[in-house]
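Below: one structure, written as structure tokens.
Order of writing sets the chain letters: A, B, C and D. Residues in each chain are counted from 1.
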């Protein structure tokens, strides 16, 4: 960590800062600059945010962290990309791009089975579908809950597709983990640390969605919560961040793919459906995600979007999805991957 | 809700939309415009987001909601401002501005008692302090948990100040409610709907913080979750939103005070400490909040910020806080309120 | 335009609004809703923002525009995509993706000729390079000005590549237009309406960059300024918007490609260099832009980025650029385009 | 400047960086950390952004600036707050808060004289009004231009109020300066460097508005452009930044007041009208600005907002403004200032 002193800091102020740095277990190293002094605090600062407490001291202008605050998620700790096993047939992180598809919510047996069969036929690797739904409005459809999990399991039995579904609560996490192949942490729970710890204790892969106002560094810190509890199977998901632009529901930060690639060994999945909120824009962003180097995609597909209980406007119909899969295959081949 | 048709929408497309509007229980009303048709869907749309499912239909350009999606939080339902009773001596929402002050985290008996006595002496109405801490890093101090609640209760016994403390988990909510006078939902849990429902079932006032990327409308929807479970004692708290500006930790959206005043009967509290993240800016924003018409303030005060376990840089020392209280009293008088 | 009345609006208030709508030249049409009235104002509202003046009237809750405020840029006016001719050999908007490449600033004859030859050899269609530089700091290098234009012209002579360069001032616009094949309006001047009008009067194609905080609708309004002065050759450029994320210099809003495709006939170019601000992320975003359907790319390439006068960190070296061109060609082929 | 090396940087890479630092005229100073080296580059870096060119070098992780890039605007250069003289009777920056009020645009002699008389009567110090209008739409009212300036001068003659009006173009800046007492640079031109240089060469005070996506540091850099051309009379104006929140037109970043106070000697003015875009919220934010310590306010007042050519929704009627002045006087007294 670097402590930048004020231009007019007194010797006494500097001495107090040096003393405090030593108290905290670091070795101070002073650089006398032209207009001010800068102090390097040497020592492993990961996991010790305490140096920040120097900021309110007299004579201190700012404290600049040098190391990233995450360890287990870092590429420095594990240089090779992680490949996360989901089932016997599906792993995320290699040259095969994994496509997860299905409706926003499980609504009925017919709807989820039809969806699963349609996305399977088009070539998807996994089924997605929500049983517990975190809805902005208390008056909106909140999901079929355990009944939804059972229907997802039935769809898996029929199609062979493993499924991912959201966990919204530490209390029901064990229940979801009994059924699901992968647990999803939604954007609104991306800093629900109690929930992150809970899924960190389970032995199921976790798809961690980036929060709407979450920096990439904070996403890695949330991953660190899960990893530090012992669960090494974390997949990161960019699903759009909130900006001033309203032409799309969120703004897809696709550059998160190469940025995360440079910082972490964890795989990265893109959700073009929530990012854009509009089915017209999903195909273009899916192809872009493949070209950008994403390890997977999670796409909303619904047999009848106009009658969907949630997220109809952003869901693709099966025929459109099949067409998109074909296009993605071509782009994947152009970047030496497969779908 | 207003459905805007595309300029070239066909008669068949319009008929489908009209049919669908009727199916959903609304009465359609067509306005033939110069370049396109616009259809009003008449009926109480609150709580029924289903009209949004018209958006993917052929010939539809956009769907514009007219009513706010919240009911119980709305000023239309309850015209007079709510006054929320916290204890025999403290209520929020009247002409007395309520000041809550204390450290970010409860760290020790000495620290919390000293803090409570200092803020009491300066004239604060309530004590604040975290026992369960939602920290970005799994390696940071996570709070004293139940031990912290006991120390807060002890500080209350000595000073007579009721206290507010954060709830981070449905599982521990009952425990917190046994001790606390007011439950805080933190910014990172502002859309943790499982937690909102849980505190909605308790009979303790709730201080609901706005999430970093939460619109004012979404804040009111989160309040609606609590209200709709039967808990009418909700206080809203603006604590800064996330923007591109990095000179402050967050950007205090002080205009939320008059905006919320025009939309809801619930009281509004400002948190200048988290909003700015820097103790140098807290006084200026506290005075501004009083002048803007806030019903209360929640301010971080620590007897020794340089050794605080969390949020040292934004905490005021007791002497500065006492000075600020004096200044706030003058500004409050200038807007016909008291502190 | 739709005028939403307040729930308790009086008859007198409604009559005043109806009167005002008629005064402004529109025909009012009232829909009596369950809880409030909504009034449609029929008439061509494009170019007349005056209906907004109804917003402060008593009894009015909000005014919702229905039509987009642009005309000439709109797809409704011109259904087919525009193909903009830059030179005998280069046009933007067809199935050939146009690549413009070169250094941020023209620094010397050697540097610009070397750059031009390198990007030509790799297969670029146009040269880019700044002669007039809009720099955040008055102390930074401000460009070689006319001397820079001459060097760009020399590079064109040698390589045959047409060039694009920035115009920063109405006063020097004619001078730049004498030399350049395409005029660039930079992000910081994207709402410098005096400059937009000026280039609208010139007969040179204009590359209009999106401002850092500009919505897609505002970008189209700025294009409208140029188009309405008579210059039909406008190419839009997404170069990243400003958000809370600091891992990249800006956030590339790649979804702007399909969004603009649905709203306008004008071609869309992506600038991955300014969007990311980091040469490590440029290749990934370039490939994504091609897959997303962009009509062109503008990429910074410098023979010696470590000694560049500006934007070194985001410039590719010629060898990396040649490698990227090869990869882009493969992705282009996968989406039935050529580079 | 601090150069952070990668964890595995080689000796050769470090040597290259040290060599380059010396070439650029700085003295390198290496700190050997636990996991990586950090190099301080000693020398006055203000005005020399060239150290950034080290960022693309091999083995470099990041380059962290230590000094602010502005000089003349900095409090380090001039410790006392500047007081800017506008006319014989008006100065900005002392304990008297300066209120500028008037319509968005000058529309007619009657309108501007009535406005001037009304704001004078209520106690405003200066008149505001636009003659050259930068409008988002080319079809909107663009201002009365020189005729508007003459009407403003006439209003000044009658009321004695000096006036501020916007300059939108270097070409017409001299003309505006002939009439106006203070030149306004609008938010959309806040990084129109050609215009900043031009007004830097004039001898009239400049009210520099913050751009919608401009950081506080960039605002100070734009001020530096004006100051470095020799014009020392710069007043900064916060008028709302663009965020995801749409309940207000922009988000007023009121914390800019104490932040700017800590960094610069230049006075700070708040524009609550553009910040909120809604006359209902103007009074609350005006009182807050006074309490926060602003040196002045610029408020839109129109005798007939419902018929205004621009910005009607955010304009106060004269009676409301007079009432607000009265309230602001009370708050000003509470913070030991006058209005």
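Definition applied: a contact is a pair of C-beta atoms (placed from the backbone, for glycine too) under 8 Å apart; a residue touches a chain by one contact, two chains touch by 3 or more.
As the structure is a computational prediction, the values presented were derived from the model and not from experiment.
Note: the chain lying farthest from chain D is A, by mean C-alpha position. Counting C-beta pairs in contact, the pair that comes out ahead of the other among B-D and B-C is B-D. Here the spacing of chain B and chain C, counted between their Cα centres, is 38 Å.
Centroids built from CA atoms put chain D at 31 Å from chain B.
Looking at chain A, residues 213, 241-244, 246 sit in touch with two or more other chains. Residue ranges on chain A touching chain B, taken from their complex, read 20, 46-49, 52-57, 69-70, 134-140, 168-171, 188-189, 191-195, 197, 211-213, 218, 221, 224-225, 228-229, 241-242, 279, 305-308, 312-313, 315. Taken in their complex, chain D has these residues touching chain B: 213, 215-217, 241, 243-248, 251-259, 261-262, 275-276, 280-281, 283-285, 287-293, 327, 330-331, 333-335.
Those residues of chain A lying in contact with chain D across their complex are 2, 4, 7, 29, 31-36, 38, 40, 42-44, 64, 66-67, 76, 242-244, 246.
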